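A, B, C and D are the chain letters, set down in written order, and residue numbers restart from 1 in every chain.
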Amino acid sequence: MQLTANDFVRLFQAWTEIINNNKDYLIKLDAIAGDGDLGLALTDGFNAVMASLEKAETDDIGMLFFQAGKTMSVYAPSSLGTLIAFGLMDAGKSMKGNKVISGCDLSVLLEEFESAIMKRGKAKPGEKTFLDGFDPAVCVLKAATSEDEIPAALRSAAMEAHHGAMSTVGMLAKYGRIAVRGEDSRQILDPGAVVASLMITALAETFAH
Amino acid sequence: MKKIIDSPKNFVNDMLRGIYLAHPDKLTYVDDDMHAMVKKDITPGKVGIATGGGSGHLPLFLGYIGNGMLDGCSVGEVFQSSSAQQMLSVTKAVDSGAGVLYIFGNYGGDKLNFELSAEMADMENSIRVTSVIGKDDVATDNPENRRGVAGIFFVYKCAGAAAAEMLDLDEVTRIAQKAADNVRTMGVALTPCTIPRVGHPSFEIGEDEMELGMGIHGEPGVRRGQLTTASEIVTEMMEPILKDMQLSEGTEVAVLVNGLGSTPLEEQYLAYGHIHDILSACGLKVFHVYVGEFATAMEMAGFSISVFKLDDELKRLLAKPAATPFFIQPQL
Amino acid sequence: MKKIIDSPKNFVNDMLRGIYLAHPDKLTYVDDDMHAMVKKDITPGKVGIATGGGSGHLPLFLGYIGNGMLDGCSVGEVFQSSSAQQMLSVTKAVDSGAGVLYIFGNYGGDKLNFELSAEMADMENSIRVTSVIGKDDVATDNPENRRGVAGIFFVYKCAGAAAAEMLDLDEVTRIAQKAADNVRTMGVALTPCTIPRVGHPSFEIGEDEMELGMGIHGEPGVRRGQLTTASEIVTEMMEPILKDMQLSEGTEVAVLVNGLGSTPLEEQYLAYGHIHDILSACGLKVFHVYVGEFATAMEMAGFSISVFKLDDELKRLLAKPAATPFFIQPQL
Amino acid sequence: MQLTANDFVRLFQAWTEIINNNKDYLIKLDAIAGDGDLGLALTDGFNAVMASLEKAETDDIGMLFFQAGKTMSVYAPSSLGTLIAFGLMDAGKSMKGNKVISGCDLSVLLEEFESAIMKRGKAKPGEKTFLDGFDPAVCVLKAATSEDEIPAALRSAAMEAHHGAMSTVGMLAKYGRIAVRGEDSRQILDPGAVVASLMITALAETFAH
């Protein structure tokens, strides 16, 4: 698998679509867990990213992600929007100068993305956040060591991300608005983990064939 | 959704436009971005104080830009943080060499963006920035997770008065932190509010129900219950505040009764009657009472009670005059 | 009915109790009747200014008792006049030899009772009393039948400043009358309000409807229509005001955007943007803008626009500082 | 017909009852025409009057009315409450010193009541106010010149008062809150005229046997 900047523009397109399609669902989940704006912030963010990518003409994958992150930070400055912005920027930094990357490099990209979010947000997997949808997917992809395993790994990453998101029901929240509710937080599905799962699903749909 | 607006999408911009037109001599913005609001006349050499946060809480946050209070505010969309870029714009505009203090509420988006803004200000502009975070809402047990709500007013007031005395950044920060450490708030909501772009209320609540410990963004509270009498509601709200503060007899406090949006001033004053009784019964002395809308959630019905523990320093600073387009106080 | 109250019957008394407890150094009452509210320190030799009216409009009416504004207010039940006896109590308390000016709204109950109170004050206490009646609501064609609404604020402000300058009763009355003659108001309501003792809203209005020219007691308005955009609403409200005032280009005005209770400050400012555009297009100059809740109808949603035509005298008096527990203005 | 102070206490009792029984109706009418408080103001006023009369022990009919008026002015300071207070006080003044009055004197009493309201309120019959329910009754009673005509006159006064109140539909309002509505006021029944009709009905029920 040889991925160019163009392929990642397709990925951003897929992310933008899936977030837009789930706007009301995310609003509803966040209204239960937090302040009900997640669907607004992220559609604003991804739509702005898409608009900027359509204009920008870079073939540097790193710059593409970095620019996307900067745009995201301006247009979606909510908790998760900002964390995703950090993730995109750090992922971009790690890929700087690359015009083509392999399927196996995807896991590096996602790892950088994840570790930026952990560094800034200070949460770890298991603490009922975005990470619980994201981390299982990263683990699956890391385990795939040869190029021909990647399509299957992407499909199973999407499954794991979904499971991970669902498993936030039962977890105790330590971060974000939902944390103010202490033990009561356990019964609630974390909206950000659902976002992670949607992003991995779109990733798999874009690259797993 | 019954709102006097033109379009949900432009709500915040249209509101900001009205504010700049109404107060052209007091407020302006920088970097061509209405969301980066600053005081028109910045006092040279004074520590700059900046805040920021989502829209929908007027007079919070931008309403406290003015003499004896804040110097700038980055304004987000409804209930959403502003961006770090906007915060940085404000930071640069309000710094006049003495550094900048950020005062903001304990919310993820705000924390992340103010942190980033502070890093950029330091790296790119060599501006020293300190931060004090409001965490006054006792609806949450764990003090670190507490939301910042109406009590931040007292932090603004004391820090603003300290900065106006030309104290240095460390001193102003110390005072702001002390103010933040000494205020506790509890709120109750009777009706939800609607984010214009969402178009429907964020939750439902029965005609005879109330929600204790509700956040000012419609975040769920700690107890949904029957709407009882003002006396019972106030008693239930004061209990966690007083338990958390452990005030000894004779302590002086200031009180803020804050309407969330559509609860009339009449009801807020009625509630104060009960608050006063409870404070008196505990042997506490009320130095000053603020009643009205200080931190709202658009058209939400309900109110919050903040108790601010005073020492000589905080009392002196609280008593100082202040004047913003939204809040004016003579010397007390 | 969702209200923070203890009992509908005692609502007004409980509210008054809270007000006296919150502002013990500023407000007191006479003749053992909480409804007869007076300023704590009456300036000797100054013309006394008294107002009165029903409860449910805070900060109207009692909220304007203070330095540079009013000296006393008789407080009625919700939306009901106070009694002539209570007005007389206030009159006696605020007179310090220079006579008393009554400023009140054009409502039957208030007119009858203030008239009787003035007769009694004259007969029994030889207190000279004059009256100025607010009739600013242009929703009604016939100027004599117009309701007194938020515009009375400007009458209080100018008369209060004149009295503070120790002008005599005739002068203060002349100025108050001139202020009253130069203010026009138009309001719109989006939701009704509920008198606590009645327990249900005074009227019904559809989810997509508004009522233009609604009174601040929930009296029906002049046109029920679709809730349109802020821009269209403001245009429709400004039209009768400007038509009635016939202001020539270059005239200076002050503007009051008044929230009726549950319309957020955000929407009021957004509306001001449009008001400003219309005034500018007419070549009018805005000297000062007041935005906020000045005359409410408890939890009613909606707002009113008042335009106050200035001449040098009114402008000078409007600009003077004032300080009450509910309203503070520095020198403009 | 020989009427003593005691009989007038019974009259106030009847007035208080009929107003209390129609409290919600009056609120509803006033919510359409004005501010919806008429039922509150008048029940407060009449209940306070009754409470004071139960304590007071005067046999002077004039004093009885005058005191009732004063009480009314304190407890029902709305437009109509105040006008009724004026009416009661002036009626009282005209009867001062009388311990017994005849049925024919009733029309004098009511005339004084009415003229006080006209003097203070400045309205005339035909202008859509209380007077339109009250004045027709006064006219009927004035026309009854001998004692034995009085009971029938009272009954027909009640009928006329009722007709008078109903005829306010169609009239243009010049006084009170309803006047702000100009021509639109015509279609509305005047709440105060209904009060007048209720008072005359109770008067007839009390004395017409």
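Keep in mind that, in the parts below, a contact is a pair of C-beta atoms (placed from the backbone, for glycine too) under 8 Å apart; a residue touches a chain by one contact, two chains touch by 3 or more.
From a predicted model like this one, the values you see are computed outputs, not experimental measurements.
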{"item": "Third chains touching both subunit C and subunit A", "value": "B"}
{"item": "Where subunit C and subunit D are represented by their mean Cα positions, the distance between them in whole Å", "value": "32"}
{"item": "Chain centre separation in whole Å, for subunit D relative to subunit A (CA means)", "value": "77"}
{"item": "Chain centre separation (subunit B, subunit D; CA means) in Å", "value": "55"}
{"item": "Category of the chain touch graph - line, ring, star, complete, other", "value": "line"}
{"item": "Inter-chain touch pairs (all)", "value": "A-B, B-C, C-D"}
{"item": "In the complex with subunit B, residue positions of subunit C that touch it", "value": "2-7, 11, 14-15, 17-19, 21-23, 55-56, 58-59, 63, 190-191, 207, 210, 227, 229-231, 233, 261-274, 276, 289, 291-293, 296, 298-299, 301, 303, 323, 326, 328-330"}
{"item": "Residue numbers on subunit D that touch subunit C, as the complex places them", "value": "27, 31-32, 34-37, 40-41, 44, 73-75, 77-83, 86, 120-121, 174-177, 179-182, 184"}
{"item": "Touch list for subunit C against partner subunit D, complex", "value": "76-86, 107-109, 112-113, 115-116, 137, 139-142, 145-147, 195, 197-198, 202-203, 215, 217-220, 222"}
